[in-house]
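Following are the structures in question.
Okay, so subunit A shows up in both of these, paired with subunit B first and subunit C after.
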Partner chain A sequence: MKVLVTVKEVAAVEDDFEIDGLSIDDRYLEYDLNEWDDYAVEAAVQIAEAADEDVEVVAATIGPERSEETIRMALAKGADRAVRVWDDAIADQTLLDVNAKASVFEQVVAEEEPDLVLTGVQAADDALGATGVALANRVGYQWAAVVNDLDYAAGDDVATVRRELEGGVEEITEVDLPAVLSIQTGINEPRYASLRGIRQAQQKEIAPHDLSDLGLDAETVDGALELTDMYEPESESDATIFEGGAEETATELANVLRDKGVVGE
Partner chain B sequence: MSDVLFVAEHRRGDLRDVSYEGITAGRELADALGGDLHVAVISGSVEAFAESLNTPAVDAIHTVEAGEEFDHDTYAAATEALHAELDPAALLLPNSVNGLDYAPAVADSLGLPYASDAVDVAYDDGLTVTREMYGSKVETTVDVAGDQFVVSIRSGEWPAASGAGEASLEAFEFDADSVDDGARVQGYEEVGSGDVDISEADFLVSIGRGIEEEENLDLIRDLCDATGATLSSSRPIVDNGWLPKNRQVGQSGKQVTPDVYLAIGISGAVQHVAGMKGAETIIAINTDPNAPIFDIADYGIVGDLFDVVPALIEEFE
Partner chain C sequence: MLDYVGLEGDLDEEERLIRDTARRFVEEEVRDDIGQHWIDGTFPTDLVSEMGDLGFYAPNLEGYGSPNVSETAYGLLMQELEACDSGLRSMASVQGALVMYPIHAFGSEEQKERWLPDLGAGDAVGCFGLTEPEHGSNPSAMETRAEKDGDEYVLNGSKTWITNSPIADVAVVWAKDRSTDGDPVRGFLVETDRDGVTTNEIDEKLSLRASVTGEVSLQDARVPEDAVLPGVEGMKGPLSCLTQARYGIAWGAVGAARDCFETARQYATDREQFGGPIGRFQLQQQKLAEMATQITTAQLLAYRLAELKERGDLRPQHVSMAKRNNVRMAREQAPVAREMLGGNGIVADHSPMRHMANLETVYTYEGTHDIHTLILGEDLTGIAAFE
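The block that comes next holds the complex of A and B.
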């Protein structure tokens, strides 16, 4: 069987940063694999490792050449190969919308014909939280969003998942394959890449595709959403901030706790 | 085509708060569009739900009988059928966990633009949605092209609608049996029960990502011992397996309302704040002066927890 994992390189923003037009100044960004995708990769690799049959894990990403370094981390953790889609028409978008992402991955799914697709619940940068379910709808797969427990063995026709609802309630659902599952953080313990894995990943394929390779044109990704402004939210803080060194501020804080009468003897 | 359709959300017999918040958001948008606000409620005790949702802001309520609880195929099919019937400009859905499970499919099936997790919406010859990126570090405005669109709204961003209204009530004919059953809900489980109920504590010391390593949790345990506080945490600590689920504060964990909530190394992401904003006094220790936790804190220390916490322990020893 085959498991496709969609992955994304995302940037974490330093505490102090500057906005340059419609994006955060690159000097304040640190690129890494999207946290949710790290869990999705682990879930896919665990299925492959537990299987008696041959399970191929393919990572798919929409990202520029720079992102290959990050995608290689997914390969170092056990994915077998990767597909990377990029195009000038994608780079031109201020905000790549869900329809564009689903259209790209629809073609990847058509080419790869996976039995199971795992995505992260959302990407840490644009936080759209929609690609997996939109993709499932597009390709006619079943789906489940926000999965924090997955009971599935390679070759099974049904996956039993838990969806993490709000307020500490989980929904237990059976999902027929083929399916797309959006994976929540905490579902497993993502491994660190071993030195051997990192070495092996250098030999694994990251196949580049542009839109025409997928039979798509620039119009496909020219979405309906356009980013028009980016700014730091105004602080609404009216907190009393204690100034000074650790001892002084700790003393002030201790006085507050004593005043509130919550410190037990 | 100037109406707004909002689909309410309920679970296990209760309408969720976002249902009333969505009515407020929908009313604002309907006024800007010059149209009516339609509210739909799908599955469960739809007539009782309709009565609760019948607030002055609502023009029409559509009830759809289809099973008891949320399932994405039913919700998607019913929402698409309602959309075809009402032809609204805007379809508003909750950006809840269940919203995430059907809104993208509905937008895709309808072939409409989808803007998710809106914290504000405005219409002036075109829709503009305000949404956050990079984990609340920045806010953005997004223009949505076209005269029909789907928007999901973040919970807690609009005031809840209230009062008794005079909306028309209509039962919407929908054949629930024809819906795909490729995903079958088997049941629900309450998780996160355990030895300690953090929602009962008067004083919570809550730890987040800033603790960096599992070993460092001992420092926070020492603080709890010195002060008699109960230990809780934000999501990453539980995701890492450093504390059990019953210690997690936030949207997917526990809602807590202690007298004092001391947040240490917690940035204050919206999902966390949803679980603790009801605390009487909120105190934050964080290295980042711009961390959103300071927006809701009453007292704060901008500093390194590894300096401040040992000093604080000494105060009580």
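The block that comes next holds the complex of A and C.
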């Protein structure tokens, strides 16, 4: 069987940063594999490792050449190969919206024909949280979103999943394959890539595709959303976060309450 | 993270991923607890197999399960481990450079197959027994001896200051082979559960506390004749291992110093006195400037060493210079970071004083600073001044 995992390189912003037009200046960014995707990769690799049959884990990403290093980390953790989609038309977008991403991944799914697609619940940068489900809708797969427990063995026709709903409610449900599952953090403990895995990953394929390779044209990624401005919201008040054990933080809080006159001396 | 002249910018992708993995592992799995282990005088033993799973032991060797990474990648790994604690790096150094390396270089096929995969995975722990109570800087005067008796060797003597001996499954013991002409030094693979072998722990160390140190006492300890490493005779056996380990130390010291620097830099920008961060005072800036400069020049030496090692032009004297320089640098800079933290600098919550204490060991083991001075002196003048 084949498991497709969508992965994304996301930028984390340093505490102090400068905004340059519609983006944050590159000096303040550090790129890393999206946290949710790390869990999705682990879930896929665990299915492959536990299987009696051959399970191929393919990572798919939409990202510039720079992102190969991040994708390589997914390969080092056990994915077998990767597909990377990029195009000038994608680079020209101020914001790649869910529709555009779903269109790209729809073609990747058409090409790869995976039995199971795992996505992260959301990406840490734009936090749209809809790509997985939108993709399921496009390709006509079953889906389950925000999966925090997965019971599935390679070859099964049905996956039993536990979904995290709002307000602390959880749902256990069964999903027929082929399916798209969006994976929540905490579902497993993502491994560290071993040095052996990192070495082996250097030999694994990251196949580059542009839109025309996928039979798409530039308009496909012209989304309805456009980024028009980026600014730091004015903070209305300062928040202080006390760190440490309960005793320590309680004392500090008490001091503040006393200082502000909320409680008497 | 300090990398002032951008040396890490020239790393290849594989090296960057290895650096990032080691950095993240240390950050997420070790850093929070290391201070407590240091206070308790314990090594976090869970990490033995975790580091094995990640391939942290002798990853620069080829075959027998080792991934064979570049010497730079290996150096970066040592740097990141020691940025956490010298004891953590010592674990990896001993297991990899002092135990796996000699088996790999001088062992028989059976010895390699018996030990390398297990040691590499952290399923077995090894230690390296060279130093003796009466012979430290001059190990060639060692008294530990092996006598052939039928198809066995009988070992007698005592080794001390042996990193990991109390938790080791196997010791590489260097002893004089009395049954061969000239009593050459030879290496023996001695399982620590053999009769006549004891490994008492040395307590109350004030340095390298998050690392277990002990003795290896051999009293009529019998090992089969195939326990001897067949491929080497004489002091070049242990000395070649030390060259490997010292190479890692030259990198590790940069990590320890960098961690001191980063802690001090952070503190200097956070801590306010006289109405602003202490980092605005020239006195504090001078300390940071000097620290950064010293770390950067040591780092340059480490990178050059990696190049020489990779292409086979590295001489032991090069390693002596780098070990000597980089450890001294770290040993001198750690107290500067410590003092910048004021009173907070003396608690285990902050790393500089722990590094500072650890570096006393690093300055002493693997050839003391003085001994490396003499090695360089001999290389530069052709005149040995050891005696």
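Some observations on this one:
Methods note: the second predicted complex is superposed on the first by the 237 of 265 C-alpha atoms of A that agree within 3 Å, B and C clash if a C-alpha of one lies under 4 Å from a C-alpha of the other, contacts with A are read in each partner's own complex, and residues count from 1 in each chain.
The definition used in the following text is that a contact is a pair of C-beta atoms (placed from the backbone, for glycine too) under 8 Å apart; a residue touches a chain by one contact, two chains touch by 3 or more.
All figures in this text were calculated on a predicted structure; none of them were measured in a lab.
Of the two partner chains, subunit B is the only one that A:L95 touches; subunit C does not reach it. A count of residues in subunit A touched by subunit B and by subunit C gives the higher number to B. Of the two partner chains, subunit C is the only one touched by A:R199; subunit B is not.
Of the two partner chains placed by the overlay, only subunit C lies in contact with A:E69; subunit B stays clear of it. Taken in their complex, subunit A has these residues touching subunit B: 11-13, 15-17, 19, 22, 24, 95, 97-99, 102, 121, 124-134, 136-138, 142-146, 160, 162-176, 179, 182, 185-186, 189, 223-233, 235-237, 239-242, 245-247, 249-251, 253-254, 256-257, 260-265.
Note for the complex: subunit C touches subunit A at residues 13-14, 16-18, 20-21, 24-25, 53-56, 59, 65, 67-69, 73, 77.
On the subunit B side of its complex with subunit A, the touching residues are 11-12, 16, 72, 76, 95-98, 100-105, 107-109, 113-117, 128, 131-146, 149, 180, 182-192, 202-203, 227-229, 235-236, 238-241, 245, 251-255, 258-260, 262, 281, 283-285, 287-292, 294-304, 307-308, 310-312, 314-316.
Subunit A contributes residues 68-69, 72-73, 76, 192-196, 198-199, 201-202 to its touches with subunit C in the complex.
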